[in-house]
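Each structure below appears as C-alpha coordinates.
Two complexes follow with chain A in common, the first pairing it with chain B and the second with chain C.
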Partner chain A sequence: MTNAILITAILALLIPIYKACTEEDIWQKMLALSSVSSKVSIAILLVSVQRDDWSIGVVAVIVLSVGNAGLMLLANVLKRMGEA
Partner chain B sequence: MTWTELPLVDGISNFCLVGGMVFWFWGTTQLLTRRSVLFKLHGLSVSDTLGSLAIVFGLLLKIPNEWPLLILAMICLAVWNTMLGYVLAYCSTSGDQP
Partner chain C sequence: MNELNWANDLPIYVITALLPLSAAMVIFQSNPYHALVIRGILGALAAAVYAVLGAADVSLTEALMGTLLAITLYAIAVRSSLVLQLGYLEDPTIVTPPHLLHLDPETRAPDLTQESANAELDSTVVECLANTFKPFYLRIELVPYPSLTALQRALGDREVHAIYAPKFSLSSSPEDSTSPQPHSGKPQLITRVQRLYEIMREKPLSDLAAITYQSAHQSANLLTNLSTDSSANVTLTQERKSS
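Moving on to the complex of A and B:
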(Lines of atoms letter the chains of each structure in order from A and count residues from 1; the text may use other names and numbers.)
(Lines give C-alpha, C1' and ligand atoms only; values in the text may rest on other atoms or scores of the structure.)
Protein backbone atom coordinates (compact mmCIF):
# COMPACT_ATOMS: atom_id res chain seq x y z
CA MET A 1 0.00 0.00 0.00
CA THR A 2 2.69 2.51 0.94
CA ASN A 3 4.46 1.78 -2.36
CA ALA A 4 1.35 2.77 -4.28
CA ILE A 5 0.99 5.89 -2.14
CA LEU A 6 4.64 6.79 -2.82
CA ILE A 7 4.22 6.44 -6.58
CA THR A 8 1.02 8.52 -6.46
CA ALA A 9 2.82 11.14 -4.38
CA ILE A 10 5.55 11.39 -7.01
CA LEU A 11 2.90 11.75 -9.72
CA ALA A 12 1.20 14.50 -7.68
CA LEU A 13 4.61 16.18 -7.42
CA LEU A 14 4.99 16.46 -11.20
CA ILE A 15 2.11 18.92 -11.56
CA PRO A 16 3.61 21.75 -9.45
CA ILE A 17 7.05 21.09 -10.96
CA TYR A 18 5.56 21.52 -14.46
CA LYS A 19 3.75 24.65 -13.31
CA ALA A 20 6.88 26.11 -11.71
CA CYS A 21 8.81 25.62 -14.96
CA THR A 22 6.21 27.08 -17.30
CA GLU A 23 4.75 29.92 -15.23
CA GLU A 24 5.87 33.53 -15.92
CA ASP A 25 4.26 35.32 -12.94
CA ILE A 26 6.63 35.22 -9.96
CA TRP A 27 3.89 34.68 -7.37
CA GLN A 28 2.33 31.79 -9.26
CA LYS A 29 5.82 30.30 -9.49
CA MET A 30 6.27 30.77 -5.72
CA LEU A 31 2.96 28.99 -5.15
CA ALA A 32 4.08 26.02 -7.20
CA LEU A 33 7.46 25.87 -5.47
CA SER A 34 5.87 25.95 -2.00
CA SER A 35 3.69 23.06 -3.04
CA VAL A 36 6.73 21.18 -4.32
CA SER A 37 8.54 21.75 -1.02
CA SER A 38 5.83 20.31 1.21
CA LYS A 39 5.11 17.40 -1.11
CA VAL A 40 8.77 16.45 -1.36
CA SER A 41 9.11 16.41 2.41
CA ILE A 42 6.11 14.12 2.77
CA ALA A 43 7.48 11.81 0.09
CA ILE A 44 10.80 11.65 1.97
CA LEU A 45 8.87 10.88 5.16
CA LEU A 46 7.06 8.06 3.37
CA VAL A 47 10.38 6.54 2.30
CA SER A 48 11.86 6.89 5.77
CA VAL A 49 8.93 5.20 7.50
CA GLN A 50 8.97 2.42 4.92
CA ARG A 51 12.70 1.76 5.39
CA ASP A 52 12.36 2.29 9.17
CA ASP A 53 15.32 4.69 9.01
CA TRP A 54 15.05 7.67 11.37
CA SER A 55 17.84 9.73 9.80
CA ILE A 56 15.92 10.08 6.55
CA GLY A 57 12.85 11.05 8.55
CA VAL A 58 14.76 13.79 10.35
CA VAL A 59 15.88 15.12 6.97
CA ALA A 60 12.23 15.20 5.88
CA VAL A 61 11.21 17.23 8.94
CA ILE A 62 14.13 19.62 8.40
CA VAL A 63 13.19 20.05 4.73
CA LEU A 64 9.64 20.78 5.85
CA SER A 65 10.61 23.45 8.36
CA VAL A 66 13.62 25.10 6.72
CA GLY A 67 12.22 24.83 3.22
CA ASN A 68 9.07 26.71 4.09
CA ALA A 69 11.03 29.24 6.15
CA GLY A 70 13.29 29.90 3.16
CA LEU A 71 10.29 30.46 0.92
CA MET A 72 8.86 32.94 3.41
CA LEU A 73 12.09 34.94 3.42
CA LEU A 74 12.17 34.86 -0.38
CA ALA A 75 8.57 36.12 -0.52
CA ASN A 76 9.50 39.07 1.69
CA VAL A 77 12.55 39.85 -0.46
CA LEU A 78 10.36 39.80 -3.59
CA LYS A 79 7.87 42.10 -1.87
CA ARG A 80 10.61 44.60 -1.00
CA MET A 81 12.00 44.44 -4.55
CA GLY A 82 8.52 45.08 -5.88
CA GLU A 83 8.20 48.19 -3.74
CA ALA A 84 11.67 49.52 -4.57
CA MET B 1 -1.71 -9.65 17.06
CA THR B 2 -0.78 -6.06 17.85
CA TRP B 3 -3.40 -3.32 17.55
CA THR B 4 -1.89 -2.07 14.29
CA GLU B 5 -2.83 -5.30 12.51
CA LEU B 6 -6.49 -5.00 13.47
CA PRO B 7 -8.54 -4.76 10.26
CA LEU B 8 -10.26 -1.60 11.53
CA VAL B 9 -6.98 0.25 12.20
CA ASP B 10 -5.56 -0.92 8.85
CA GLY B 11 -8.73 0.30 7.14
CA ILE B 12 -8.57 3.70 8.82
CA SER B 13 -4.89 3.99 7.94
CA ASN B 14 -5.51 3.21 4.26
CA PHE B 15 -8.49 5.59 4.24
CA CYS B 16 -6.26 8.39 5.61
CA LEU B 17 -3.52 7.67 3.07
CA VAL B 18 -5.93 7.64 0.11
CA GLY B 19 -7.82 10.65 1.48
CA GLY B 20 -4.57 12.58 1.74
CA MET B 21 -3.77 11.76 -1.88
CA VAL B 22 -7.20 12.91 -3.02
CA PHE B 23 -6.65 16.22 -1.15
CA TRP B 24 -3.25 16.60 -2.82
CA PHE B 25 -4.60 16.10 -6.34
CA TRP B 26 -7.60 18.35 -5.65
CA GLY B 27 -5.40 21.25 -4.57
CA THR B 28 -2.68 20.69 -7.14
CA THR B 29 -5.01 20.54 -10.15
CA GLN B 30 -6.21 24.02 -9.20
CA LEU B 31 -2.66 25.19 -9.94
CA LEU B 32 -3.27 24.48 -13.62
CA THR B 33 -6.33 26.75 -13.86
CA ARG B 34 -6.21 30.43 -14.87
CA ARG B 35 -7.48 31.74 -11.49
CA SER B 36 -5.92 34.40 -9.27
CA VAL B 37 -2.95 33.81 -6.96
CA LEU B 38 -5.10 34.02 -3.81
CA PHE B 39 -7.67 31.54 -5.13
CA LYS B 40 -4.96 29.01 -5.91
CA LEU B 41 -3.16 29.75 -2.65
CA HIS B 42 -6.26 28.96 -0.66
CA GLY B 43 -6.81 25.65 -2.44
CA LEU B 44 -3.14 24.74 -2.21
CA SER B 45 -2.61 25.58 1.45
CA VAL B 46 -5.74 23.69 2.46
CA SER B 47 -4.92 20.66 0.36
CA ASP B 48 -1.20 20.54 1.13
CA THR B 49 -1.69 20.97 4.86
CA LEU B 50 -4.70 18.73 5.39
CA GLY B 51 -3.65 16.19 2.79
CA SER B 52 -0.17 15.87 4.24
CA LEU B 53 -1.55 15.66 7.78
CA ALA B 54 -3.86 12.83 6.69
CA ILE B 55 -0.97 10.99 5.02
CA VAL B 56 1.27 11.33 8.06
CA PHE B 57 -1.56 10.21 10.36
CA GLY B 58 -2.14 7.21 8.12
CA LEU B 59 1.56 6.38 8.39
CA LEU B 60 1.38 6.80 12.17
CA LEU B 61 -1.36 4.18 12.36
CA LYS B 62 0.49 1.83 10.06
CA ILE B 63 3.96 1.99 11.62
CA PRO B 64 3.64 3.42 15.16
CA ASN B 65 7.18 2.78 16.37
CA GLU B 66 8.34 6.02 14.70
CA TRP B 67 5.64 8.05 16.47
CA PRO B 68 7.92 10.84 17.82
CA LEU B 69 9.17 11.70 14.36
CA LEU B 70 5.74 11.56 12.77
CA ILE B 71 4.17 13.74 15.47
CA LEU B 72 7.01 16.25 15.00
CA ALA B 73 6.32 16.22 11.25
CA MET B 74 2.61 16.82 11.90
CA ILE B 75 3.35 19.79 14.17
CA CYS B 76 5.82 21.23 11.64
CA LEU B 77 3.26 20.79 8.87
CA ALA B 78 0.47 22.48 10.76
CA VAL B 79 2.63 25.42 11.79
CA TRP B 80 4.87 26.02 8.79
CA ASN B 81 2.43 25.40 5.96
CA THR B 82 -0.18 27.66 7.50
CA MET B 83 2.41 30.38 8.14
CA LEU B 84 3.76 30.07 4.60
CA GLY B 85 0.28 30.42 3.14
CA TYR B 86 -0.27 33.61 5.15
CA VAL B 87 3.12 35.12 4.23
CA LEU B 88 2.64 34.36 0.52
CA ALA B 89 -0.84 35.91 0.60
CA TYR B 90 0.44 39.01 2.40
CA CYS B 91 3.49 39.50 0.17
CA SER B 92 1.71 38.84 -3.11
CA THR B 93 -1.09 41.32 -2.44
CA SER B 94 0.67 44.08 -0.51
CA GLY B 95 2.00 45.64 -3.71
CA ASP B 96 -1.53 46.15 -5.11
CA GLN B 97 -2.71 48.48 -2.33
CA PRO B 98 -3.08 52.15 -3.51
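Moving on to the complex of A and C:
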Protein backbone atom coordinates (compact mmCIF):
# COMPACT_ATOMS: atom_id res chain seq x y z
CA MET A 1 0.00 0.00 0.00
CA THR A 2 2.69 2.47 1.01
CA ASN A 3 4.68 1.39 -2.02
CA ALA A 4 1.81 2.38 -4.27
CA ILE A 5 1.56 5.79 -2.58
CA LEU A 6 5.31 6.25 -2.91
CA ILE A 7 5.28 5.40 -6.60
CA THR A 8 2.37 7.79 -7.12
CA ALA A 9 4.36 10.52 -5.34
CA ILE A 10 7.38 9.85 -7.52
CA LEU A 11 5.27 9.96 -10.67
CA ALA A 12 3.75 13.25 -9.47
CA LEU A 13 7.33 14.44 -9.14
CA LEU A 14 7.67 14.15 -12.91
CA ILE A 15 5.22 17.04 -13.46
CA PRO A 16 7.36 19.82 -11.91
CA ILE A 17 10.50 18.24 -13.42
CA TYR A 18 8.90 18.46 -16.86
CA LYS A 19 7.82 22.06 -16.21
CA ALA A 20 11.33 22.99 -15.02
CA CYS A 21 12.67 21.55 -18.26
CA THR A 22 10.31 23.40 -20.59
CA GLU A 23 9.72 26.76 -18.88
CA GLU A 24 12.04 29.59 -19.85
CA ASP A 25 11.04 31.94 -17.02
CA ILE A 26 13.42 31.67 -14.07
CA TRP A 27 10.61 32.15 -11.51
CA GLN A 28 8.62 29.29 -12.99
CA LYS A 29 11.73 27.16 -12.56
CA MET A 30 11.97 28.28 -8.94
CA LEU A 31 8.36 27.22 -8.42
CA ALA A 32 9.18 23.83 -9.90
CA LEU A 33 12.18 23.58 -7.58
CA SER A 34 10.08 24.32 -4.51
CA SER A 35 7.47 21.81 -5.65
CA VAL A 36 10.08 19.08 -6.15
CA SER A 37 11.76 19.90 -2.84
CA SER A 38 8.51 19.65 -0.86
CA LYS A 39 7.35 16.48 -2.63
CA VAL A 40 10.69 14.79 -2.11
CA SER A 41 10.74 15.56 1.61
CA ILE A 42 7.20 14.26 2.06
CA ALA A 43 8.19 11.11 0.17
CA ILE A 44 11.20 10.66 2.47
CA LEU A 45 8.91 11.13 5.49
CA LEU A 46 6.67 8.41 4.11
CA VAL A 47 9.66 6.08 3.73
CA SER A 48 10.78 6.84 7.28
CA VAL A 49 7.34 5.99 8.68
CA GLN A 50 7.18 2.85 6.57
CA ARG A 51 10.54 1.63 7.85
CA ASP A 52 10.12 3.07 11.33
CA ASP A 53 13.51 4.76 10.92
CA TRP A 54 13.74 7.99 12.90
CA SER A 55 17.00 9.21 11.42
CA ILE A 56 15.51 9.29 7.93
CA GLY A 57 12.52 11.15 9.34
CA VAL A 58 14.82 13.79 10.82
CA VAL A 59 16.47 14.19 7.40
CA ALA A 60 13.06 14.66 5.81
CA VAL A 61 12.06 17.34 8.29
CA ILE A 62 15.36 19.20 7.85
CA VAL A 63 15.07 19.04 4.05
CA LEU A 64 11.52 20.32 4.30
CA SER A 65 12.42 23.33 6.45
CA VAL A 66 15.95 24.24 5.31
CA GLY A 67 15.15 23.57 1.65
CA ASN A 68 12.58 26.34 1.73
CA ALA A 69 15.04 28.67 3.47
CA GLY A 70 17.55 27.99 0.71
CA LEU A 71 14.89 28.71 -1.88
CA MET A 72 14.27 32.12 -0.27
CA LEU A 73 18.01 32.85 -0.28
CA LEU A 74 18.32 31.94 -3.97
CA ALA A 75 15.22 33.96 -4.83
CA ASN A 76 16.69 37.03 -3.15
CA VAL A 77 19.95 36.72 -5.08
CA LEU A 78 18.03 36.33 -8.35
CA LYS A 79 15.74 39.26 -7.54
CA ARG A 80 18.68 41.57 -6.87
CA MET A 81 20.22 40.48 -10.13
CA GLY A 82 17.05 41.48 -11.92
CA GLU A 83 17.10 44.92 -10.28
CA ALA A 84 20.75 45.64 -11.06
CA MET B 1 10.61 -14.63 -3.18
CA ASN B 2 12.59 -12.79 -5.77
CA GLU B 3 9.46 -11.31 -7.29
CA LEU B 4 8.32 -10.10 -3.88
CA ASN B 5 11.64 -8.31 -3.36
CA TRP B 6 11.42 -6.71 -6.77
CA ALA B 7 7.94 -5.36 -5.95
CA ASN B 8 9.19 -4.04 -2.63
CA ASP B 9 12.18 -2.34 -4.20
CA LEU B 10 10.25 -0.82 -7.09
CA PRO B 11 10.09 2.71 -5.59
CA ILE B 12 13.88 2.65 -5.17
CA TYR B 13 14.35 1.84 -8.85
CA VAL B 14 11.91 4.50 -9.96
CA ILE B 15 13.38 7.22 -7.78
CA THR B 16 16.91 6.28 -8.83
CA ALA B 17 15.91 6.58 -12.48
CA LEU B 18 15.01 10.22 -11.87
CA LEU B 19 18.60 11.01 -10.91
CA PRO B 20 20.22 10.67 -14.38
CA LEU B 21 17.18 12.41 -15.86
CA SER B 22 17.67 15.55 -13.79
CA ALA B 23 21.46 15.34 -14.24
CA ALA B 24 20.93 15.42 -18.02
CA MET B 25 18.68 18.44 -17.59
CA VAL B 26 21.46 20.28 -15.74
CA ILE B 27 23.91 19.47 -18.52
CA PHE B 28 21.68 20.76 -21.31
CA GLN B 29 20.92 24.11 -19.68
CA SER B 30 22.80 26.99 -21.28
CA ASN B 31 21.68 29.74 -18.92
CA PRO B 32 23.81 29.46 -15.75
CA TYR B 33 20.99 30.62 -13.46
CA HIS B 34 18.55 28.09 -14.88
CA ALA B 35 21.21 25.41 -14.48
CA LEU B 36 21.56 26.37 -10.81
CA VAL B 37 17.83 25.95 -10.20
CA ILE B 38 17.84 22.55 -11.94
CA ARG B 39 20.86 21.67 -9.82
CA GLY B 40 18.60 22.29 -6.81
CA ILE B 41 16.13 19.74 -8.19
CA LEU B 42 18.99 17.29 -8.75
CA GLY B 43 20.15 17.83 -5.15
CA ALA B 44 16.66 17.17 -3.75
CA LEU B 45 16.34 13.98 -5.80
CA ALA B 46 19.82 12.83 -4.77
CA ALA B 47 18.90 13.40 -1.11
CA ALA B 48 15.77 11.30 -1.65
CA VAL B 49 17.77 8.49 -3.26
CA TYR B 50 20.29 8.43 -0.40
CA ALA B 51 17.46 8.45 2.17
CA VAL B 52 15.56 5.65 0.46
CA LEU B 53 18.76 3.59 0.27
CA GLY B 54 19.13 4.04 4.03
CA ALA B 55 22.00 6.54 4.25
CA ALA B 56 20.44 9.25 6.38
CA ASP B 57 23.72 11.06 7.12
CA VAL B 58 24.75 11.21 3.44
CA SER B 59 21.29 12.46 2.55
CA LEU B 60 21.47 15.23 5.16
CA THR B 61 24.90 16.32 3.95
CA GLU B 62 23.71 16.35 0.34
CA ALA B 63 20.69 18.48 1.25
CA LEU B 64 22.57 21.00 3.40
CA MET B 65 26.00 21.27 1.78
CA GLY B 66 25.55 19.92 -1.72
CA THR B 67 22.34 21.73 -2.44
CA LEU B 68 21.82 24.69 -0.12
CA LEU B 69 25.36 25.98 0.31
CA ALA B 70 26.66 25.11 -3.16
CA ILE B 71 23.75 26.72 -4.98
CA THR B 72 23.86 29.92 -2.94
CA LEU B 73 27.61 30.27 -3.37
CA TYR B 74 27.40 29.51 -7.08
CA ALA B 75 24.59 32.03 -7.54
CA ILE B 76 26.73 34.74 -5.95
CA ALA B 77 29.80 33.67 -7.94
CA VAL B 78 27.92 33.65 -11.27
CA ARG B 79 26.30 36.98 -10.45
CA SER B 80 29.61 38.68 -9.73
CA SER B 81 31.60 37.10 -12.56
CA LEU B 82 29.17 37.36 -15.48
CA VAL B 83 29.37 41.14 -15.66
CA LEU B 84 30.80 43.66 -18.10
CA GLN B 85 32.10 46.74 -16.30
CA LEU B 86 31.77 49.81 -18.47
CA GLY B 87 33.60 52.93 -17.39
CA TYR B 88 32.18 56.32 -18.35
CA LEU B 89 32.68 59.99 -17.58
CA GLU B 90 30.68 60.96 -14.53
CA ASP B 91 30.42 64.63 -15.43
CA PRO B 92 29.65 65.19 -19.12
CA THR B 93 30.46 68.90 -18.85
CA ILE B 94 34.05 68.08 -18.02
CA VAL B 95 36.61 70.27 -19.73
CA THR B 96 39.00 68.43 -21.99
CA PRO B 97 42.57 68.28 -20.68
CA PRO B 98 44.73 70.70 -22.66
CA HIS B 99 47.27 68.10 -23.75
CA LEU B 100 44.50 65.97 -25.19
CA LEU B 101 43.11 68.94 -27.06
CA HIS B 102 46.56 69.62 -28.42
CA LEU B 103 46.74 66.07 -29.70
CA ASP B 104 43.74 66.09 -31.90
CA PRO B 105 44.06 68.21 -35.02
CA GLU B 106 40.30 68.39 -35.38
CA THR B 107 39.67 69.64 -31.89
CA ARG B 108 42.52 72.12 -31.68
CA ALA B 109 39.88 74.80 -31.71
CA PRO B 110 37.41 72.91 -29.59
CA ASP B 111 33.72 73.29 -29.67
CA LEU B 112 33.06 72.55 -26.03
CA THR B 113 29.29 72.28 -26.22
CA GLN B 114 29.48 69.65 -28.90
CA GLU B 115 32.08 67.71 -26.98
CA SER B 116 30.08 67.87 -23.78
CA ALA B 117 27.08 66.40 -25.49
CA ASN B 118 29.30 63.74 -26.98
CA ALA B 119 30.74 62.81 -23.58
CA GLU B 120 27.37 62.15 -22.04
CA LEU B 121 26.49 58.50 -21.57
CA ASP B 122 23.97 57.65 -24.24
CA SER B 123 21.22 55.41 -22.85
CA THR B 124 20.44 53.92 -26.26
CA VAL B 125 24.05 52.76 -26.60
CA VAL B 126 23.93 51.16 -23.14
CA GLU B 127 20.61 49.54 -23.97
CA CYS B 128 21.98 48.22 -27.25
CA LEU B 129 25.06 46.96 -25.40
CA ALA B 130 22.87 45.15 -22.89
CA ASN B 131 20.85 43.58 -25.73
CA THR B 132 24.03 42.53 -27.53
CA PHE B 133 25.30 40.70 -24.45
CA LYS B 134 21.96 39.23 -23.44
CA PRO B 135 22.52 35.94 -25.33
CA PHE B 136 25.81 35.58 -23.42
CA TYR B 137 24.09 36.21 -20.04
CA LEU B 138 26.37 39.18 -19.32
CA ARG B 139 25.18 42.06 -17.18
CA ILE B 140 26.34 45.63 -17.85
CA GLU B 141 27.64 47.46 -14.80
CA LEU B 142 28.31 51.18 -15.19
CA VAL B 143 31.33 52.56 -13.36
CA PRO B 144 31.64 56.37 -13.24
CA TYR B 145 35.04 58.09 -13.50
CA PRO B 146 35.78 61.76 -12.84
CA SER B 147 38.16 62.46 -15.72
CA LEU B 148 39.40 61.13 -19.05
CA THR B 149 42.79 60.27 -17.58
CA ALA B 150 41.13 58.24 -14.82
CA LEU B 151 39.04 56.50 -17.47
CA GLN B 152 42.12 55.55 -19.50
CA ARG B 153 43.95 54.46 -16.36
CA ALA B 154 41.04 52.25 -15.32
CA LEU B 155 41.25 50.47 -18.68
CA GLY B 156 45.02 50.15 -18.39
CA ASP B 157 44.84 48.84 -14.82
CA ARG B 158 42.17 46.28 -15.79
CA GLU B 159 39.62 47.83 -13.45
CA VAL B 160 36.97 47.86 -16.18
CA HIS B 161 36.45 45.70 -19.26
CA ALA B 162 35.44 48.53 -21.56
CA ILE B 163 35.12 52.28 -21.49
CA TYR B 164 32.63 54.63 -23.06
CA ALA B 165 34.76 57.48 -24.32
CA PRO B 166 33.75 60.73 -26.00
CA LYS B 167 35.08 61.56 -29.44
CA PHE B 168 37.95 63.82 -28.41
CA SER B 169 39.59 61.26 -26.13
CA LEU B 170 40.81 59.26 -29.07
CA SER B 171 42.96 60.79 -31.70
CA SER B 172 44.05 59.34 -34.98
CA SER B 173 47.27 60.50 -36.51
CA PRO B 174 46.68 62.37 -39.76
CA GLU B 175 49.77 60.75 -41.31
CA ASP B 176 48.36 57.30 -40.94
CA SER B 177 45.90 57.30 -43.78
CA THR B 178 45.56 53.53 -43.88
CA SER B 179 44.08 53.27 -40.41
CA PRO B 180 40.30 53.34 -40.37
CA GLN B 181 38.60 56.44 -39.04
CA PRO B 182 35.72 54.83 -37.18
CA HIS B 183 34.59 57.84 -35.17
CA SER B 184 32.67 60.30 -37.24
CA GLY B 185 30.89 62.02 -34.38
CA LYS B 186 29.95 58.69 -32.84
CA PRO B 187 30.89 57.87 -29.24
CA GLN B 188 33.70 55.40 -28.71
CA LEU B 189 33.49 52.03 -27.02
CA ILE B 190 36.99 50.85 -26.20
CA THR B 191 37.49 47.37 -24.81
CA ARG B 192 40.60 45.54 -23.64
CA VAL B 193 39.11 42.04 -24.08
CA GLN B 194 39.45 40.50 -27.53
CA ARG B 195 36.30 38.37 -27.24
CA LEU B 196 34.19 41.34 -26.11
CA TYR B 197 35.48 43.27 -29.12
CA GLU B 198 34.44 40.46 -31.46
CA ILE B 199 30.94 40.43 -29.97
CA MET B 200 30.54 44.22 -29.94
CA ARG B 201 31.70 44.53 -33.55
CA GLU B 202 28.39 43.07 -34.72
CA LYS B 203 25.88 45.20 -36.57
CA PRO B 204 23.37 46.98 -34.29
CA LEU B 205 25.94 48.24 -31.82
CA SER B 206 28.58 49.24 -34.36
CA ASP B 207 26.04 51.58 -35.96
CA LEU B 208 25.62 53.51 -32.72
CA ALA B 209 29.20 53.67 -31.54
CA ALA B 210 32.71 53.18 -32.85
CA ILE B 211 34.13 49.98 -31.40
CA THR B 212 37.85 49.82 -30.71
CA TYR B 213 40.05 47.09 -29.30
CA GLN B 214 42.96 48.11 -27.15
CA SER B 215 44.86 45.73 -24.90
CA ALA B 216 45.56 46.75 -21.31
CA HIS B 217 49.27 47.35 -21.78
CA GLN B 218 48.60 49.47 -24.87
CA SER B 219 46.27 51.55 -22.77
CA ALA B 220 48.91 51.94 -20.07
CA ASN B 221 51.49 52.93 -22.71
CA LEU B 222 49.08 55.47 -24.13
CA LEU B 223 48.58 56.98 -20.72
CA THR B 224 52.33 57.27 -20.16
CA ASN B 225 52.76 58.90 -23.53
CA LEU B 226 49.98 61.34 -22.85
CA SER B 227 51.31 62.38 -19.49
CA THR B 228 54.98 62.66 -20.49
CA ASP B 229 54.90 63.90 -24.06
CA SER B 230 52.04 66.10 -25.06
CA SER B 231 52.99 65.92 -28.72
CA ALA B 232 52.81 62.14 -28.80
CA ASN B 233 50.24 61.00 -31.22
CA VAL B 234 49.11 57.49 -30.57
CA THR B 235 46.65 55.73 -32.76
CA LEU B 236 44.62 53.09 -31.07
CA THR B 237 43.27 51.60 -34.24
CA GLN B 238 46.79 51.31 -35.54
CA GLU B 239 47.79 49.32 -32.47
CA ARG B 240 44.81 47.11 -32.91
CA LYS B 241 45.95 46.36 -36.41
CA SER B 242 49.37 45.24 -35.22
CA SER B 243 48.00 42.85 -32.60
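Please note the rule applied: the second predicted complex is superposed on the first by the 84 of 84 C-alpha atoms of A that agree within 3 Å, B and C clash if a C-alpha of one lies under 4 Å from a C-alpha of the other, contacts with A are read in each partner's own complex, and residues count from 1 in each chain.
Throughout what follows, contacts are C-beta pairs under 8 Å (C-beta built on N, C-alpha and C of every residue); 3 or more make two chains touch, one makes a residue touch a chain.
Quantities reported herein were computed from a predicted structural model and do not represent experimental measurements.
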First, second, both or neither for A:42, with chain B first and chain C second: first
Partner chain(s) touched by A:59 [first = chain B, second = chain C, both, neither]: second
Touched partner set for A:33, first chain B, second chain C, both or neither: second
First, second, both or neither for A:6, with chain B first and chain C second: second
Which superposed partner A:68 touches (first chain B, second chain C, both, neither): first
First (chain B), second (chain C), both or neither touched by A:79: first
Partner chain in contact with A:17 - chain B first, chain C second, else both or neither: second
Overlap of chain C and chain B interfaces on chain A (superposed complexes): 16, 30, 32, 41, 48, 58, 60, 69, 71, 78
Chain A - residues contacting chain B, complex: 1-2, 5, 8-9, 12, 15-16, 19, 25, 27-28, 30-32, 34-35, 38-39, 41-42, 45-46, 48-49, 52, 54, 57-58, 60-61, 64-65, 68-69, 71-72, 75-76, 78-79, 82-83
Interfacial residue positions of chain C with respect to chain A in the complex: 7-8, 10-11, 14-15, 18, 21-22, 25, 31, 33-34, 36-38, 40-41, 44-45, 47-48, 51-52, 54, 56-57, 59-60, 63-64, 67-68, 71-72, 75-76, 79, 139, 141
Residues on chain A engaged by chain C in the complex (per definition of touch): 3, 6-7, 10-11, 13-14, 16-17, 20-21, 26, 29-30, 32-33, 36-37, 40-41, 43-44, 47-48, 53, 55-56, 58-60, 62-63, 66-67, 69-71, 73-74, 77-78, 80-81, 84
Interfacial residue positions of chain B with respect to chain A in the complex: 14, 17-18, 21, 24-25, 27-29, 31-32, 37, 40-41, 44, 48-49, 52, 55-56, 59, 62-63, 65-66, 69-70, 72-73, 76-77, 80-81, 83-84, 87-88, 90-92, 94-95
